[in-house]
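There's a structure below that I have some questions on.
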Amino acid sequence: MPLLEVKNLRVWYPIRGGILGRRIGWVKAVDDVTFSIEAGQTLGLVGESGSGKSTTGKAILGLAHISAGQILFEGNDITDSARRNRSPYRKSVQMVFQDVYSSLNPRKRVLDIIAEPLRNFEKLTKAEEKKRVDELLSIVGLTSDAAVKYPFEFSGGQRQRIGVARAIALKPRLIIADEPVSALDLSVQAQVLNYLKDIQKELGLAYLFISHDLGVVRHMCEHLAIMHNSRFVEFGTREDIYSSPTHIYTRRLIAAIPDIDPLKRDENNRRRIEVAKEYTDRREDYYLDSTGVYDLKKISATHMVALP
Amino acid sequence: MPKVSEALLEIKNLHTSFRIEGQYYAAVDGVDLTVFKDEVFAVVGESGCGKTAMALSMVRLHNINYTRMDGEILFHGSGSGRPQDILKLKGAELNKVRGGHIGMIFQDPLSALNPLHRIGQQIEETLVYHTDLDKERRKARAMELLENVGMTDPALTYTQFPHELSGGMRQRAMIAIAISAKPDLLIADEPTTALDVTIQAQILDLIRALKKEMKSSIILITHDLGVVAEMADRVAVMYAGQVVETAPVTELFGNPRHPYTRSLLHSIPGAAGGENRLHTIHGAVPDLRGLPRDGCRFSRRTPWMPGDAHEAVPTYHEVGPGHYVLCTCYKTFRFEE
Amino acid sequence: MWKTIARRLLILVPQLFALSLLIFLLAQLMPGDALRGFIGPGTHPDLLERLREHHGLNDPWYQQYWRWLTAVLQGDMGNSITFQRPVIAVIGDRIGNTMLLSIMASLFTYLIAVPLGILAARHKGTSLDRGTMIYTFVALSIPTVVMGLINILVFALTLGWFPPFGAVELSAHAAGGWTAFSSRIYHALLPAFTMAFLGTVSIIYYLRNEIIDNDSSDFVTTARSKGVPENEVYTRHILRNALLPVAGSAGALVVLIFSGSIFIETVFTFQGMGQLFISSIRGRDFPVANALIMFYAILNTLAILVTDIVITIIDPRIRIK
């Protein structure tokens, strides 16, 4: 049984207009998205801004209104917010945010930030709490004197590790990481990514790793979903996506990544121009009425592509 | 790169210091650089390395109330026979260089454009100060520029406000402003960092095409080594306010020498793609007030290296044609294992 | 945008309806009724009962409310109990004074606040800036009523520069024309200045901070990088953008000034709507009080609507929905 199953998830917002504010249409932020994550596994959710990838993450956490579809956690239906709140789900699924500066309360000490979820869900004595916080800090590579400091005393990478420590405080099964390293410098990003992998092994965590950075995703995720226009255009293993990208959007995305080998510059440019040309000239081969994304079709045991 | 390299901008011993609580701290701490005519010169480094502080120094955009600048920035712009030291220019002369000879492109085009002015108006503002065109010709020129930067409907964009454009279109408008007076040099400070990767590719293509057409030079400030590899002719790597390595682009990626450059290239994820741990650099970049000011500044990040690997006062060493490295530690550097 | 304005005005109708109902019910709950003014100790209870019956005061409240509402909709706000005249006429006598006072107060507010805000920002950190900040602290911490009393004491009674009370000299009023008008202005100067005092605080803050923020904002850096001379950068980019939120706060200022006028007119015994409001509450003159509350409610809503419209016109980023 998968840890998390998302079935035909829809997040639609009404567009209102006219003097009486009647509904005149829908903004489809997420439209019929289906996937599952096994325990201890990492699924990468890749897309550009406005693709619906962040909204998908939010919907799973109950932070966006679910219009239709089903979310199962360890086989239990937690689509409904009342049922979600009664189940251990709220402890088992946590979030790591992109913005390391605004996601930590600047007026609270690190101890209070990390202990907050513990205080909400577990009755610990002061001493037990301090011990847990110290353990959590050491897991993310910070020393215990960090506990008495305030967020501004830390660098971006350290702040993100504090965010990770808070997220794993309740020993969750799944972490939804929304662009967790996008705001960080290369060398700092490497530290945070390593810690994310380490604690995954240690705690058997599963990640839904939301990112626009195909390099980071390639490093982190065994499975990938490429999102465009609120739907999945391609789904597969790391191998499937990077070695045989099939949908034109996936190919365009991969072709757009700058290569760090300057000798391949001309070759990359040529390929990029070719793919871009195909993207504009042959849209109807890949999109319904040139914008609609088709349903996914299996093209191998692990690889699915949205083709007509 | 052109056969005969002719200097366009020479930075000599530049120090740019900011006042924090009454004391000045150098964010750019003794930089020497030469940018040639008709080349793309990339400056790469992580946040806090001084690359943006240096870019803004080149046309003195820092607030003079808390900034101090020393050194020389010699600009061999078109028109004047002798080079001008930008740091010594008077207000009116400086304003001739700004926008006229040196155009700037910033990271976030939404905040860099005035939200209350129409795009056309913002382009024409540059034309007012750097051309003799009358009102009608300015409008015609603005339309032409909008077309040059790839706007599908220049007449519409001309009348639009920044918030009405997408991120990529805004950056195109910003580029139109920067090139409107046909400058000799474009300084682009993280021009694609705020954009999606497919849009980034388009903007980089545009910058490349414009450069070819205008034969101007570009200083590209970025943290993204991929962008450097795609765009640059030559590269300077900055760390803690200094340039630690300068090299032609193929040399820098093919034969990086400075420990910092090598460490950075090593920590790029996805290149190998897989289960390996990423390389990390010990410690963190110190903030401006805590920057080491003596010896090899990167030595604190490589504690396993013996002290005598470094020079007491690091100097530049030529390790290949046009390839310079700061400090002697490059000779014996190994990654920690 | 016209659709939006129409919708907002449409929403005003049920709002006013609910408000009038609330006011009516509150008035019903108050001890005593509208006959209080007529009766004396010797009034015979039978007469009282007949009067009640005659005025419909024994009917259920909803019938009374319905009568009141239909009358109001026909422009009949009833008669003032204190003045024994139609409410419309009583308010009509005062509205001119209050309007004059409010316009002058708004004018003073901007005349004081805009230059001070600009100066403080341009000379940030100097004694001029600090002096302005001290002024704002003082203006913010002294209640308007106390400020009014101090001003009367200093400028009217001690220095004798201004009249301490009234809205116009009776002799000047009788003379009419320019004499009457200048007398009105003269009488409104001190209360208008007192009211302006509080209103300046937020505008000075806004303007000063906006100018300072804009000075280091990206689009101003862009303007400088284009070679725009510094004084042009200041007027075209920094100041113009900083005045935006100031213009946006105009509606809030109108509301502030009208609510301030309730106390200031009383302190200055200035014959305006504010003073009328206080006295009508004291005298249980509900027809007048009700009419004034409705007036303030409509004014409030309109002020907010007008502000929104103004912002929409001057700020291209905002399209009211």
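In order of appearance the chains are A, B and C, and numbering begins at 1 in each one.
Criterion: a residue touches a chain if its C-beta (ideal position, glycine included) is under 8 Å from a C-beta of that chain, and two chains touch if they have at least 3 such contacts.
These numbers were taken from a predicted model, which means no experiment stands behind them.
Asker: Most contacts: which chain pair?
Answerer: A-B
Asker: Return the chain whose centre of C-alpha atoms lies at maximal distance from the corresponding centre of chain A.
Answerer: The most distant chain relative to chain A turns out to be C.
Asker: Using CA atom averages as chain centres, what separation in Å is found between chain A and chain B?
Answerer: Here chain A and chain B have centroids separated by 32 Å.
Asker: Distance-wise, how many Å sit between the C-alpha centres of chain B and chain C, to the nearest whole number?
Answerer: 54
Asker: Return the distance between the CA-based centres of chain A and chain C, expressed in whole Å.
Answerer: So the centroids are 52 Å from each other.
Asker: Which chain A residues reach two or more other chains?
Answerer: Where chain A is concerned, no single residue meets two or more other chains.
Asker: Multi-chain contacts only, two chains or more: what residues does chain C have there?
Answerer: None at all.
Asker: Flag every residue of chain B that touches chain A in the complex, lowest number first.
Answerer: The touching residues are 46-47, 167, 196-201, 204-205, 223-227, 229-230, 232, 249-250, 253-254, 263-265, 267-271, 273-274, 277-281, 284-285.
Asker: Across the complex, what residues on chain A touch chain B?
Answerer: Interface residues on the chain A side: 48-49, 155-158, 185-191, 193-194, 197, 212-220, 238, 242, 252-253, 255-263, 265, 268-269, 272, 276.
Asker: Residue numbers of chain B touching chain C in their complex, please.
Answerer: 56, 59, 61, 63, 91-92, 94-100, 103-104, 106, 108, 111-116, 125-126, 129-130, 161, 163-164, 174, 177
Asker: Considering only the defined contacts, which chain C positions touch chain B in the complex?
Answerer: Interface residues on the chain C side: 215-219, 221-230, 236-237, 240-241, 244, 314-317.
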